[in-house]
């Protein structure tokens, strides 16, 4: 192949090059502009992170004394070490490392359940329409807007009753069904209030999904769920990524529900812990530790972003249908 | 929940406070009670109160919760608080705890909360080096203070360090009102919410004084956290801060010593009076089998040893007047003496800004008005007084 | 009893009637070809049989059993979609095997079936590709493979060969025919290819605007079109349909056609076309297929009524195997099919032979065939 | 100088060579038809001309200007995609008008153009629909309409008529031809329809596996196929290609074909086929098209060398206008095209006429035509 | 369909009951699967909305009280709606909401789309850039709020740094200015959310059939026209998703305001969610908080419902 290229190109080189180079020039300028813009935006977006990062490597003296944007004079890792393993979350001074697991135990099921339900709902609302589907969707959509402040108390009441019911049930059957467990409660709450969004994402994505594929699968004998699992899901990667990013971030960072329903040490999620590190009413604020803690707390989310980002694939539906 | 366990909701999560609470935790563990921490920091207890409300709604009461002033009474009224009267009798709280505090820890004749400390807010915090440089002396009147601030200004130092958040502004205003109108006036206006006093000329004068003093603040004060304002004084960028005694913690943390590096004076014209707020541990109506743990917690909280140990760290003064001041620094000693004097002299007043003068609806309405005045939405003291009366009336 | 019965089938999209009462019956193992102009409702009909579109009214029965409400996956039907509808996330092999997988066919058996069908469709070398990496014709063959691996009660094919080259199409056509004969499965097949329709069908249904025009064997449709539309539609190039007058001539009944220059052309009609005699003296539409209008050398020497006459050739279209010539008769352009090297040129007068055995006549009002 | 010049064009997808050095030249206003088996690279070639696929190596010039690096939108090309690629968010009218809109054609002019082209494509009643509400053939016509409203330097059509019914296809073909003649624009056109290829093309390019097999006028391709592949590929049904031995017989050169039963069939060859004489005594491949192998009544009476002989008919395939008969010769199945009612039946011996004027011969080794 | 159903049992009575039972289950399956989500939504959203609406007509303070006492809460809100000098907190909240909502949603959509389009140009290092634009979402605003606060603080951050580098005339003190502070909230909000909007659009872009883009290029569309006429219209469903997400974030932006501005000078940065939270939980005026929530919901529905209607109507045909 290379030999062929080598032999054919010179014969036509002069003309084609003149033509090419002009186009290449404009293309080059275009590419340069794109990369330039992206770099500028990246820098702008990174600016606050820069402040945080710089601060997290400074000593408190330096923070109080110097410019916020200045590089640390005497960089120190202590704030990070402290945030990870020493800083106090309430009366327990073992850093924030212990709270990851609490959050993960809650976030993973909540994200998984709400994503799958959202995908199923979107699938039904676009490919298995029934009279009134628009109304159902509209209602679920409008649900996104309910202020969480106003659901906090009634939800607590219901969760409390469920918890007492769970105790009764456990006493009667000797089996723990998970009622009243604060992690289970949080999963439930996040699924309930995430459904509107996940449904929205998937419905709007499936809206453009060729119905012919569903039909073909039906003819192939696939059932409702088989079509969903084998045809819909594998072709929804980008929207799954978006949904997971959204849900993971929101649930991971949720403070209101987490503090109200799971404030105690054994199930305290990451955000409540972080909040307890960062916020202080009348005490001394250790900004460097706070910044480090915040960045550590964000690592799982960042990992999700990076991992999930690989599934932002192009051309998923290419070649499926003609039309 | 385990019966040998104390579930404690609080927002004391940062260094000193947490360390102080740890003393309590250890005291309890000596008696065989485990400590189950429910810390919810943020917003000066707002987040914790929200969580508490949810817990109460769910019917899963903690053993106790850190609470402020009128909140205790609200919860008591809702019938969710426990009864510690027996313990109180045994321990003699009625006598040792100032009556002003009992107003909030006793509801309907029953002890429902254990006060932990008393903060007072009418303090001036001054950088001694700067003070020496400009040759200032302790201001005795409001005008003295203004003169002092002028001196600082002339010397090129920021005269007054202030954080432009409504509670900081209102906290300073508490002191100004007390200074301008005197103890009687303060009580009538800010504790009894007497409308005549609220719209009186004295109140207008107070606002005018606020307007005067605010001129000595640097232009960037808006939104600044209180501890950053304190830091300005510590570093000598600013001369003085008007702030509650928790500010001392910042000085101590910066390894400064009272009288040597910094000075603590009562706000001029408020000598002999104490505008206070107090942290309380509200005790919930837990099932009988958890009562023992609750009693142990209450007893330990009001024990002299804990009161001393805790307040030394916290910067506040003990909630009972019979605690020796040996472990306290100069400012602490002064605070204890002042509290005792004010308690006996009837000049111990709840801070309106801190939620001890009136219920939260009113306290917050008050903060709104002060803050709007400071930031120029309300342009005159006449208008401010009108707004204040209206806002308080609305919130009643 | 008929295996596939469609009665009174109606379908509307919104306010538009797409199928307007279709009645069909197909015996078990029959091969029904649906033809009709683009947009007449063929795919829609197929979809209703498959259960992919709801029916507005009417009935579909398979083997005597009404399947109206039955879910597509329960109908035991295999289908080739006009738009292919390949699963983009699966390889060619995965696409083909999906239906079997769903039905729990063991792996080895699936592999065997894939091998067999992909050999037949000449896509064996593409099994690991995704649909996006295929050419149009390859995609179409995959779509067909997906149907052919199965062994359903009914096959539904929607223009399955339209994107294949002629050679492959002939191969595939033969394969389909062979398959049909071997398996005895019932087929419903949409095509625009006349030869496909004629060679594959046991029955042809001609649709127009959602109305069934004629339903019969290929020979019936070709030789005895029920109406002008069918006559015009079937056959390529189309049948010449000319205005003519029926006359009682010397040698019996004859038709007379206008010619641009001078005397009308008179063609004697084979006796026995009874219906026509009642039209004596009236206008009819005279239909003659291009292949019945040839150069005399290429004409069927066995025809009972062969008439020759000179015609002015206007256009000549050589098409490899034949040459098409256009002349004017009865006020219309008429296409004649001549041998490839008939050696004619536009503008010349050329002798053409009319094979009247093959002529058909239509009533101009009702547009129905006169028989 | 040629208008469209393609030289040494190569294209690979990953590790697979798809186009393996294509060289073509087309004069301005020419009509190039690309044919070849499914998957041979026709669409890919079209895409490279349009600039939608990058070129691995080689050159494409339009009007002497290399356009390799030029953006598709700058090439002044209109294209009909094999997969239509309609804009799903626009109505039919919007789809058609988009290109004009982009070019800033005034509204009235656009409306006029839409009207004209939609009438021609018979989609006037569909202008307000979205593509999803159209049938397959209607979509295809919209795709064509989108190209036809424009007035580009080059039209690229990728199987634009494959989903249309025969009648419509003939109409469209005629329209395209007319358009081509009127506008004098250069066309590159992919089709699997032999008649389309033969009637439309000024040049045909036959591709196989990414290699250009033959490039010439339709008549050249049909009558003088360059090699066995082209001979076999062009024409439907395909040319019969039989093993034969060249002999020096009594009446000159003749070829001898094996027959299943008994004596070989000897066919005299027209003198003048010089190349063939050097093959005397050797095996060649004898090619004869079905239409040159007919019932004697239907045979070309002007043919210089017409030989008749009896053949055993194995299969009969009536196809409306003709009947195809299959017999065995030279060890292979041979298709003959007889008149529609030749009255033959499988299993009978029937007399067939061989028109040797039309025979071609190939070297079995090189597969090239002997001329 | 209904006519069909009635003819069904008559003609094949033996099979059809069994078939239709299973068939009916089969038909109902989608609805059965959807039902839990729908019921949950009805109970936990609409049930609670009704509960909130009820409370707004009571005299609930710290805790819900269930004795109806009339529309006093609404009367107060109504009065506050017009108290503009000095502005009531409610007046500030709703005017801020209008400014913030409009700018935040608008800029996020525009910037998100713009970034997505840039990233979609077969960019090398896309995998690196994507998380950079997304990470603001990941960080708790309690902390990033502090960083922003410093960054925007004239005495600490950007202004001081630029002065330091010699650009002494640079002046940027919006965060301290009661009239401009809301715009700093917009800046921080956009910084936080636009990356996610970008991700949504990117997902949408990746789903568009490449052939259609090719067709448009052939039609002569320049990249700009390609996006404006083909790509962006095709992203319409994504716009809907993004709009809903942004509108909801705008309405719920509580901690953004608190962490960044502590409510702003004199409460000038308040948004309705701050108002709601303040009154419900801090000021123990639950009735007022509930009433404000209901008014917010009503306002949202006045904006969203027509939009949803037009957006969904067309598709439903």
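Here are some notes:
First chain written, first letter: the chains are A, B, C, D and E, and each begins at residue 1.
Note that a contact is a pair of C-beta atoms (placed from the backbone, for glycine too) under 8 Å apart; a residue touches a chain by one contact, two chains touch by 3 or more.
Please read these numbers as outputs of a predicted model, since none were measured by experiment.
When you average the Cα atoms of each chain and compare centres, the chain farthest from chain C turns out to be B. At the far end from chain D, in terms of centres built from Cα atoms, lies B.
Measuring from the averaged C-alpha position of chain B to that of chain E gives a distance of 38 Å.
Chain A and chain C have Cα centroids lying 56 Å from one another.
Spacing of chain C relative to chain D, judged by their CA centroids, is 22 angstrom.
Touching two or more other chains at once are residues 71, 82-83, 133-134, 136 of chain C.
In chain B, 42-43, 50, 53, 225 are the positions where the chain touches two or more neighbouring chains simultaneously. Across the assembly, chain E contributes 26, 142, 153, 209, 211, 234, 281 as residues in contact with two or more other chains.
Considering their complex, residues 1, 4-5, 8-9, 12, 15-16, 19-20, 23-24, 27, 208, 322-323 of chain A touch chain D.
Residues 13, 35-39, 42-44, 82-83, 133-138, 140-141, 158-159, 162-170, 192-195, 198-199, 218-219, 222, 232-238, 289-291, 297-302, 317-322, 337, 339-343, 357-358 of chain C are the ones touching chain D in the complex. On the side of chain D, the complex with chain E involves touching residues 50-52, 71-73, 76-79, 81, 83, 85-90, 98-99, 101-103, 146, 150. Listed in rising order, the residues of chain B touching chain A in the complex are 7, 9-18, 21-22, 25, 35-45, 47-48, 50-51, 53-55, 57-60, 119, 225, 227, 231, 234-235, 244, 246, 249-250, 253, 314-315. Remark: chain E residues 209, 211-212, 214-222, 225, 229-230, 233-234, 236 touch chain D in the complex.
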